[in-house]
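When the chains are written out, they are named A, B and C in that same order, and each has its own residue count from 1.
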């Protein structure tokens, strides 16, 4: 009997400690969390909201997915289908985990936790819905109080007006009750009838609910919008093969994915089976590739050419800067890591380009790469006996200048100048971080290798590089995300004569924002860019992340 | 043995040659910027390497025209004693903005990083992943929502606190959005993770809570990473251009990068030599800080052992 | 649900707009005493313009009977001001008076933040009396009166100066190249001389600007325009535009012209005597003069209207940099207007033109050299430029005052660059530009 009460006491105090730890942690996180919500998460949701509207400086009509259609043609709709599908898959995955966790928990307590989580997800979505009904009106308040002295009563009056709009009230009617019920459920499941897996159950079930409802909403939105687009096309007598494109393109991608998996298995399999698998994989690859090649361009036919061109420029820009920058940075770091004198001096100097403002250094680069004969870059060429180039004014691609065939055209020379500038800026940063990575490699490994008679290159290849792979991975991730977001470098080295030839997606989006004031359209394109960056990061994590050696 | 040494020397020489070439490339443009800042206009236009004669007055002219720094001593007319000091100009603005941003960022990021590194709570991994994912958002997406958010919050706080509470065209709009830097949180968390658990156990036996442990044990150990984020924060806010341009409407808080950009792209033909002088002035404070902090800065990067 | 929300918003917005309109209809009983007027301008710090404006403002501040204070603020060049206005319109943190060309102001007027100056111009209490109005040059001022939908005669801005896009000729170089020592009379002559300069060892051809204003000057020289105000549409596929593109392409291909990167590099190259011609604003005259003096360039150079195509005479493009009064309280609006009215007075106009070399908006000011006050300024040239503007034989072109024109200014340079570099056939590129322009016109103007 006494042992039982002791256990209960322990339980309670452990629980008390847990609660205290949780509350302290939330208090520690609160400032950062609030700010990140305000300036990191809410803006994304808001930008998505903007992208569904015709929106110049102020909100105009709701136009569904039209901005996305304008940006990507039919692929815009298809992307939203995939997004909805991805959400459903994520919901299914969460549900599977939920079920697995449920099996390990006491039935009644588990059901309670699941209910609480589901309610949490539902309430969260309810709150979001209410919030976005409220936001447009709130956002107009500064406009309404313009020219009048701002005072608390006036502001509160306007705020009250926004809250009492019928649409907002209707959306918020259920919210207080739902919040109360949620609080009760959470208390019951996480406190009163707590069991080991309760917390996990609550979170899985919340995620599953949010994902399910959100992706159903997305799906409904996409279907409505697609139907509307189809109806419009039918009215004007055109054919709009969105459905067939959806099926074929998705099929193509699925087949390529299957082929990839088959090849992966085939490598491990026995000979005969391996051959059959390879054949199957090859077939899947061919059909999938054919479907993609046939349908993807058609789906993109109505897309915004300038945006597609922007993505192409972005790709070239990334391909031209990231590897060069990493390779030189690694070389410098490796040399600096040798026992040499003045290491501190070199390290310091290499970092200087990174810390100098773009506005200042770009002036110098504009002078170095000026089109005139007396420009430093052209003087260097003259020493080598090469004709002067127009550098930052040159629209022609380096391929054209070298007389290569069209498919080897590559970036415009002006873009190359920008790449040089960008590389120059970041090499020092990379070198310093590589140097830090090199310092983390234990010296005994080198000793051992040297005793085994390995020479410099082999040590580098078999010890340094593998052990440095986390740093390489980190830097390449940062660099690729950076180049996809790159804006300032291009913006300030861009000349009128080169125009859109150097417009990366970011620059084009900013042009649309600032020059044409198309906020809604710019937001939708920015979202597409975001999706691309996210996809690439995931891909990089999956494919390259596996090869990273964590020692 | 002798042969080995000569070979070694040759490779040494090669290493130094590459490193020195790197130095020339890295700071060549910068050195020319300094050189050009002392030239006459026609010397700059001819891209001379060195000026014939050092024109120090370029700096005086640039300082005055670009409105970088204006210090007024207000003296009592009767006794001639110094009464007050009035400082204005872009350098002063940037200094204030940088100070607020960096200290705010430390105050916000350190506890958050600590919580992620050393505490167990519901939704920790989810929140951390959510925070990290915001790093991938292209800045373009955020520009307009940020602007609207700042305007709205500013109106709210203005209504509550009066004109001093304004965000727009005031320090809050220029600093508060940068307090919660995910990168800083990430960097600090990596460092905090490496602090041995024994220290925490010992502190707990002494009856210390998390806050006391953070202040009296963790922070003194974390000079290097803190110096790293101070330096990076300084660089970031000293060089910030786009956002300050959007949220300031006069020179009361406008930072130096905007001032420099306005000076360089003025509506009348500008003088390159003066632009160079202005650029050099802009860069000097950063260089000074970097020279002072660079040892701990690099150490900080090394110690946090960024590992993807 | 969404639709209903939009309707609510629209009604709200309309209500605000109507409230503002009602406010501004009646200014008679308004007292502007003690108002502060925030004025955003583009005059670089420490320039003649900025210093003269500061002196005028100081005089206004100390002499006006209502105790109105004007606070001027340099906000960078026109592009920066447009960017700032974009956010200021959203935030509501607007100045009272802001510099801008008609097209930019029209875009702001679309958002309901610009005051119709006619309301104050013709007000019995605050306006300018009819006999005084007769002394103003309304040919110039009416560039800011927008007679098309949705403005319907609204006067969106007020100018207190104007300038020209001029054609500069270095007579010594022209003669050196074996041509008659005169300003080219036709575009063909201009092209021939430029080609000779490009082929010579000593000189470069014509510094070709890919900017919109420069392009329009040459379209005007071909007897055309980029916007047909009768039809209400952009005409980038018209003969004059195509001919201008052809001229540019040909000149670059044959090394008769060259592109440049830095702003004002064209007039800079002209001022050091390496190109026979340049095009640039009359506001740039002093800079060319000073740069030429510093480079010890002693060639004789002259200013003129642009040479025209064979059947077109000399043409000139008029720039009318203006200021818009932004909506605020009636008191602030009146105070701002009083400052604008002050600047239009005879003494300030004379002081302004006398110091800066900009032309006056008054008919009763004929600036002579005796009026000029700044010793460093090359006034003789300004008197000449004024003569060109008043020459009846020169036809005057000005850019369309449409909100869409601001956006098109951002698109045209790329099309020019694309065509002159041979990346796309002129017909295709111009057709695409025309389609984009039509879209922007529909989206922004109507």
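Definition applied: a contact is a pair of C-beta atoms (placed from the backbone, for glycine too) under 8 Å apart; a residue touches a chain by one contact, two chains touch by 3 or more.
All values reported here derive from a predicted model rather than from experimental measurement.
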{"item": "Partner chains that chain A and chain B have in common", "value": "C"}
{"item": "Most remote chain, CA-based centroid, reference being chain A", "value": "C"}
{"item": "Inter-centroid spacing, chain B versus chain A (mean Cα positions, whole Å)", "value": "25"}
{"item": "Mean-CA-position distance for chain C and chain A (Å)", "value": "43"}
{"item": "Whole-Å gap separating chain B and chain C, where each centre is the average of the chain's CA atoms", "value": "39"}
{"item": "Set of chain A residues in contact with two or more other chains", "value": "142, 145"}
{"item": "Multi-partner residues of chain C (each touching 2 or more other chains)", "value": "83, 90-92"}
{"item": "Sequence positions of chain B contacting 2 or more other chains", "value": "148, 151, 261"}
{"item": "Chain A to chain C touching residues, read off their complex", "value": "57-59, 61-62, 133, 136-137, 140, 142-148, 165-167, 170, 366, 370-371, 390, 392-393, 395-396, 495-501, 511, 514-517"}
{"item": "Chain A - residues contacting chain B, complex", "value": "21-22, 24-26, 28-29, 31-33, 35-36, 38-44, 46-47, 50, 138-139, 141-142, 145, 150-152, 154-156, 199, 203, 331-332, 335-336, 338, 340, 344, 346-361, 363-365, 367-368, 374-376, 424, 427-428, 432-433, 435-437, 439-440, 470-471, 473-474, 477, 481, 484-485, 487-488, 506, 509-510, 513, 519, 522-523, 526-527, 529-530, 533-534, 537, 545, 548, 550"}
{"item": "Residues of chain C defined as touching chain A within the complex", "value": "1-6, 8-9, 12-13, 16, 83, 86, 89-92, 94, 107, 111, 113, 209-211, 258-262, 327-329, 332, 406-407, 410-411, 413-414, 417-418, 421, 423, 440, 444"}
{"item": "In the complex, chain C residues that touch chain B", "value": "42-47, 73-80, 83-84, 87-88, 90-93, 95, 263-264, 267-268, 272, 283-284, 287, 291, 294-295"}
{"item": "Residues of chain B touching chain C in the complex", "value": "41-42, 45, 64-67, 147-148, 151, 168-169, 245-247, 249-251, 261-262, 265-269"}
